[in-house]
Amino acid sequence: MSQQTLKVMQSRDLKRTTSKQNIGHTLGTVGIYAFLLFMALVVLFPFYWMVISSLKSLAEYRMSKPTFWPQTLLLSNYRDAFTTANLGRLFLNTAYVGIVSTLLSLFITIITAFAFARLDFKGKDLLFAALLGTMMIPGELFTITNYITVNSFGWTHTFTALIVPFLVSVFYIYLLRQNFLQIPNELYLAAKVDGTSDWKYLWKVMVPLALPTLISITILKMMGAWNSYIWPRLVANDDMHRLVTNGLRNAFKDTSGEVNYPVQMAAVALVSAPLFMVFIFLRKYIMAGVSRSGIKG
Amino acid sequence: MKIVLQHLTKIFPSRNKKSDEEVVAVSDFDFEIPDGKLIGLLGPSGCGKSTTLYMISGLQKPSSGKIFFGDDDVTELSTENRGIGLVFQNYALYPHMTVKQNILFPLQNLKGEDKMTKEQMLQRAYEAAKLVQIEQLLDRKPSELSGGQQQRVAIARALVKMPRVLLLDEPLSNLDARLRLQTREEIRRIQKETGITTVFVTHDQEEAMSISDMIVVMKAGVVQQIGQPQDVYDDPANLFVAKFLGTPPINVFDGHVKGGKLYVGEDAVLEIGGVADQEVAVGIRPEGFVLDDNGPLVCKPVNVEVMGRDVSVVSTHPASVNPLVRSIINADNRFDLGNESVRYTIKPHKIFIFSKDNEERLRFEVK
Amino acid sequence: MKKLVSILLVLVLALALTPAMAEGPAYDGSEVTITFYNTMGTNLTPVLEKYIASFQELYPNIKVNYTSVGSYDDVRDQIATEITVNGQPNIAYCYPDHVALYNLFKAVRTLDDFIDSTAEVTRADGTTEIMGLTAEQKADFIEGYYNEGLQFGDGKMYTMPFSKSTEVLYYNKTFFDENGLQVPTTWDEMDEVARKIIEIDPDSTPIGYDSESNWFITMTEQLKSDYTVAEDPYFLFNNETNRDFVKRFREWYQDGLLITYKLNGGYTSGRFVADSKKIYMTIGSSAGASHQTPAAKDGVAPFEVGITTIPQADPSNPRVISQGPSVCIFKKANAQEEAASWLFVKYLTTSVEFQAEFSIASGYVPVIKSVIDNPIYAEHLANAGGYGEHTTALSAKICLEQVDAYYTSPAFNGSSTARDQVGELLAKCFSIPDSEDVDAKILEYFEAAVKECVYSR
Amino acid sequence: MVESKQQWKAWLYLSPAIALLLVFTVWPIVNTVRMALLEDYSIAAASGGDRVFSLGIGNFVKVAQYQNFLTCLKNTALLCVATVPISTLLALLVAVALNSIKPLRKTLQTIFFLPYVTNSIAIGMVFAAMFNIVGSVGTRRPNIVTLGIINNVIEFFGGHYVNWINTGSSYWANMIVLIIYIVWNALPFKILILLGGLQSINKQYYEAAKVDSTPRWRVLWRITVPLLSPMIAYVVITGFIGGFKEYTSIVGIFGESLGPAHAPGRLNTMVGFIYEALEQYHQGRASAAALILFAIILVVTLINLQVSKKRVHY
C-alpha cells in the first residue's frame, strides 16, 4: 500500500464515517424490508384470494366487479365443503399416495443423484444429458402411451398406478446432483480413509448435508400429489383411490353443471391446511441449513 | 510398520482435451520408510508430495510401481481396507456431526473381528480425544471450534482406529504461527507416544526439519534428496535442495572456479580442489559468514536486523542472484552501518557450489 | 295339440325371422356390471342413486356403477384414452361432438336394433317388458331432442337424450314494465328495444349474449344459411348471409347495444343482476336461471325476472339450440353388457319419475313430454315466477313451450373445431374498429376460420 | 478423485431410475417418434382397426404449414427469453434479502411458502380480477364496468388506464401481463431453491467481504452469485425448459382462445399447438411438433450447459 493511501485511510473522520455508515445501513435495511414486504404481498395475493373466495357466495363470486372483501362472510361454504365431498377419504388417499410416492421418489432421486455426482462410470455425461433431454418433451404426449402401459400391467384402479410412473423425476435428480456436487471432495476422501463404503457415506454424510434440498423436493412432491388431476382421473377415479383434486372438482357444482368455486375453494383450503402445517414445521430445516465450516479454505 | 515405495509413478492425463500432454505428478519414487518414524515430504506446491501421500493412502492409484505396508503389497488395496489415518489440510470434519460423532465415525465402520461394542468405541474415542486434549469439546459441532481445535479433532479421528500408518496433509497450514509451533510439537509427541509410522506433507521446510526423523525433498515429481533433516541441510544434493532448506534462505551468487580458486563475482573466497575450472553457482548459508575486516568477500551493507541472540546483516553484492545478501552473525559483534563496506570470510562447510548446467552439487576439497 | 303346434310354429318362425329383423340381443338375466360416466355433482347423484336402486330391484343381476368425471370435456378425454385399451365405460354422458370423436374409434354402439327389438325380458317382480321402445314411448320423446341421436351422417341412432336445456331470453321485467317496453320476439324488435333502453339508461348495455358459438350457429339455423355438413366439404359457414348477420350485429356491439361473454370479459349475468352498468336482456342457458336471478336485499328482490324465447329471424320458423347431455352406449365384447346398458338407458330416459325428479334437481328439462303431467313436476312448474328460486321453474316452462323449435347441427370429425371457430369469429368480427375496411376484414376472418377448421381435420 | 473400476456399482445405483425411465419415459418417447413418422397418424383411427399408416415426414410438413406456426414459435421464444432472467433475478434478490434480515425473517419465510399450498385455480382467478376490464372498450360507445385493480392504481397515480388483456388490447400489453403472470408463478419455487442454496454458503465469505468494506451489491455479484452458481444454473436451465413448455398460463389468463377476443390464437405457443393437435386426435402431428420443440429446447439447453460450465463454480 502506498504512503498516500495509508494517509487517506488514517485521516478519515471516523466519527462522521460512523454516522454516515449508520444512515447508509439503515437506508439499505429499509430498502430490503420494503422490497421483501412488497414481494411478500405479491406472492401472498393469490393465497388471500383463495381464502376470501372461499367465504363468498356464488353470486358474489360471479359479480362483474370483484370484491376484495366478501360482502357477507359465508362460513357455510366450509360446512358444505366438509359435508358434500367425502373429504376424509380423499384426504387419506392423497396423504397415502403423497407420502409413499415421496419416500420412494426421494430414495431413487438420492441414489441416482449420488451416482451422477460422485461415481465415475463410462458414458456418465452422455447419460446425464439424455436424462435432461427427457425433460424437454411435453409430458402430455406421454399420457396415452403410459396409460396403455399401466393398463397392460393391470394397474388401473390401484395406488400403484398413481405412484410408480412418477417416481423418477429428472428435475429433482438434477437439483440434488447440483447440491451433492457442492459437498467438498475432502469429505468423501475422509470417509474413504475412515473405512466407509460409498453407500454408508451417501446416507451418513451426503444426505444429511443435502437435507434442505431434500426437504424442498419433499414439499414439491407432496404438493404434486395434492394438485395432480389428469393422470389420477384417468387411472384411478374410483371411490377407493380418488385423490383430493379429482374429488373436489366433481363435488361442487351448481345446477347448470358449473363448478361452485367458493365451496371448492373452501374445500381446497381445508385439505391444504394440514399440508401447510407440515411445511411450517419443515421450514426451519430448510432455513437451518448445515454450516460448512467443518471445511476450511 | 515400514512402508516401501517401489518405483512409484503417477501420470495424470492432460486436462486440456486438445493436447495429449500428460502431467507426470510423481516419477519413479523409490523409498523405504522405516517403522515408527516420522517422515516429512517436502517441496513447493505441485511437486507431487500430496500425490505421493494420496497414493500411500490409496485415494489415488499409482500409474506404475508398488506400495508395501510391511511385507504386504497394498497397491491394489482400496483405501477403506488399508487401515490408515489421514488428516486433511482442511480437516474435512463432517459438519453435521458433533466432535464425538466425528471421532466415532471410523470405529463404526470397522467390520468383522475388528468390530467393537458401543462402550469400547466410546472408550477409544475418549482416549483419542484425551490424547489431543479435546475431551471437553466432545459435544460441539465443528463450526463451534477454533482452527486449532478442529485440527486436533481431525487428528483424533485419524488416530482413533489405531491406524497402521498416519498420514498428514499439510496439517499445520491453516493455523496461526504460535499454534503451529505448539501443534507440531504435539504431533511429534503423539507420534512418539503411539509409535505409528507417520508421513506428513508440507511446503514449510522449517516445519519439516523441526519434527521429522527424515525428510524427502521433492521437485516436479522427482525426489531430490532423502535423509535426516540436518544431513540434508548440511549436505544438499543440488541447488534446489540448498535453496529450499533454511531460514533465512541460502545466498546464491554467480561465481566461477579458476585455477583452484573459487570466485564469488570477482572476490576469490576460497581455495579449493577437485573441481575443474568452470562457471558455477555459489550458495553460502547465512550463518556461514564471519565478519573479518580483511575478508575476501566485500558487500555493501544496507540494513541490520537485530534478532536478539543474532544479528542479521543485510547487504548487497554485485554477483548476488538475489537483490540482497543476508548474513547471520553473533550479536556480540558490533556492527556499524556507517561503514562503506562490510567484509567477510566464509566458513568452508557452509559454502556449496553447483554446476551451472544441471545445478548438481560440485563437491570440492578445501585447500 | 293343434294349438300347441301353431304356437311352436310361430315361435320357430319368430326365431328364424329374428336375424332378418336385425333385433339387438335381449337381456337374458345374466350377471353383468355396467358403468356410467357422467358429470353429476353431489346435488344430482342422490337422484341417480335412487333410480339405480329401483332399476336394480327390477334387474338384480345388473350392477350399475357410476363415476362422476369432472366436466364434459373431462369425460370425453377420459373415454377417448380408455378406448385405446378397450377400457371405456358402458354408458356415458355425451355431446354430439364427443360421439363424433368416439366414432373415429368405431366404439359407439348404434341403438336402432335395440330400439326396434320386440324381445321380451322378464323383470325380478315377474312382469315383462320388451327390449325396444314401444310406440308410445317413442312418441313421448321431444322430437328435437330425440333426433339429436341421428345427426351423425349415416341416419343411425347413436345417442339417447338424457336431460336437456336450451337458450332463453332473460329480461328485467320490472324495467320493461316500468318503461312500457315490448319484449322482443325478433332481432328487428330487439334492435328497436335496445335503442330505446339505451336512451332511458345511457349507462347500460341493453343486450348480453353468453355464448358466441351458440349465437352464430343459431343464426345460421334461423336464416337457413349453411353452417356445416357431415361430408366433404364440411365447413360451409363462409357465405354472404352469415357475413351479413355478423356485420349487422357488429353494429350493435359498436353502438353499445350488445356485449358477449368474451367481449365483456366476464359473465353477462353478473351485469344482469347488478345495480349499475346494467344489462337488461341477456340470452343464456335455460339451466342457468339461478345466476340470472338477483339476490334479495333485506328480503326484497331488486327486480322481477322475465323469461321468454330468444328472438327469431322468422317467427314462423322458430329455431333454438338443443343443449344438455345425451347418453351413448359403448360397444363391448359381452353382448349382455350392451343389452343391460340399453335397458338402463331406456329406464332412465323413459321413466317419468326419474325425468321429473332429475329435472327439478338440475334445472334442466325432461326429454319426454309426459313428465309435464307428473304431479310433482306439475307442481314445480306451477311455482314458476320471476323471483328467487321460482325462476328455475319459469325457465323450464319456457323451454317446454318451444319443443318444436329445437335444432341440432351435424356432428363429425371437426365439428367441435367449427363450433369453437365460429364463436371466436363472431367476437373477432364484432371488434373490428370502424377505422378499418369492415367488409374486407370480415371476409378475411371468415376465410381464416375455415382454414383453421380444414386444418383441424 | 478415486478411480473406481467398479462400473457396475454406478449402474446398480442407477438401475431403479433407469428401469422406470425406460418404461415410463423412454418408451413413450420412442412411441412419439413412431407416431411422428407415420403419415397422418391418429390413435383414434389406429385403434379403430383397419387403417394402415405409411412412413413419411408428412406430419412435420403439416406442422410447418400451419398458418400460425411462426406465431407459436415467436411467442414461445419471447416468453422464454423474457421470463427466465426476470424471475431468476427477482428470486435471487428475494432469497438474498430474506437471508440478510433478522426481525420478521421467520414470518416472511413462511409467507413465501404459502404459494405452495395455494390452489392453482385461485392463482388464475386473481389475475382476471387484477388486469381484466369488464365491459366494452374501443367501440363507438364504450361502456366500462370495471377497469381492474391494476388500472385503478394507475389512474390513482394520474396515469391513463391500459387495456391489458381485453378486446382491442395490444400484443405487447398481453405479453407484459403474461410475463408478470409467469414470473409470479415461477417465483416461489425459485426462491425456495435459491434460499436452500444460500444456506450452504460459508458465512466466512461474507465476513471477509465485510472486512474489505465491500458494498452490498458487490457482495451479491462477486460472492453470492458465483457461490450460488450451481443453483442458479439449475433454475435457469429448468426455467428455460419450463418456459418452452409454456401454455397453461396463457389459458389461465386468456382462456382456450389463447388471445383477446379480437385476436384469438395470437398468443398460442408450441405446446398450445401440441395440445390442440392432441385434442383433435392428430397424434402424429402433435408428436412431430413435440419433436421440433424438443430439438429447439435441446439446442438451447446445450448452450445453457456450455455457458454454465464456464461460469459455474462448484
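Lettered A, B, C and D in written order, each chain numbered from 1.
We adopt the following convention: a contact is a pair of C-beta atoms (placed from the backbone, for glycine too) under 8 Å apart; a residue touches a chain by one contact, two chains touch by 3 or more.
Being a predicted model, the structure only gives us computed values, none of them experimental.
S.K.: Would you indicate which pair of chains has the most C-beta pairs in contact?
M.R.: A-D
S.K.: Need the most distant chain from chain D, centre defined as the mean of C-alpha atoms.
M.R.: Farthest chain from chain D, going by C-alpha centroids: B.
S.K.: Quick one: chain A and chain B, Cα centre-to-centre, how many Å?
M.R.: Once rounded, the distance between the two centres reads 52 Å.
S.K.: Distance between chain A and chain C based on Cα centroids, please, to the nearest Å.
M.R.: The computed centroid separation for chain A versus chain C comes out at 43 Å.
S.K.: Taking the mean of the C-alpha atoms as each chain's centre, how many Å separate chain B from chain D?
M.R.: Chain B and chain D have C-alpha centres separated by 57 Å.
S.K.: With chain centres taken as the means of their Cα atoms, state the distance from chain B to chain C in Å.
M.R.: Here the centre of chain C sits 93 Å away from the centre of chain B.
S.K.: Mark out which residues of chain A touch at least two other chains, giving numbers and ranges.
M.R.: 64-65, 144, 189, 192, 209, 290-293, 295
S.K.: What parts of chain C, by residue number, touch at least two of the other chains?
M.R.: In chain C, residues 84, 264, 266, 270-271, 274, 277 touch at least two other chains, as defined above.
S.K.: Indicate the residues of chain B shared as contacts by at least two other chains.
M.R.: Where chain B meets two or more other chains at a single residue, that happens at 59, 79.
S.K.: Quick one: which bits of chain C touch chain D in the complex? Just the residue numbers, please.
M.R.: These residues of chain C touch chain D: 80, 83-84, 101, 104-107, 203-205, 253-256, 259-260, 262-266, 270-271, 274, 277, 414, 417, 420, 424, 427-428, 430-434, 448, 451-452, 455-457.
S.K.: Which residues of chain B touch chain A in their complex?
M.R.: 57-59, 78-81, 83-86, 88-96, 105-106, 109-111, 141-143, 147, 150, 157-158, 161, 174
S.K.: Could you please specify the touching residues of chain D with respect to chain A in the complex?
M.R.: Its residues touching chain A are 1-4, 7, 9-11, 13-14, 16-17, 20-21, 23-29, 31-32, 43, 90, 93-94, 97-98, 100-101, 104, 106, 108-123, 125-126, 128-129, 134-135, 145-146, 184, 187-189, 192-193, 195-204, 216, 230-231, 233-234, 237-238, 241, 244-245, 271, 274-275, 278, 283, 286-287, 290-291, 293-294, 297-298, 301-302, 305, 314.
S.K.: Please give the residue numbers of chain D that touch chain C in the complex, ascending.
M.R.: Spelled out, the residues of chain D in touch with chain C are 42-45, 47-49, 66-67, 128, 132-136, 138-145, 165-168, 255-257, 261-265, 276, 280-282.
S.K.: Contact residues on chain A for chain C in the complex?
M.R.: Those residues of chain A that touch chain C are 57, 59, 62-65, 84-85, 143-144, 147-148, 151-152, 156, 230, 233-234, 237-238, 246, 249-258, 260.
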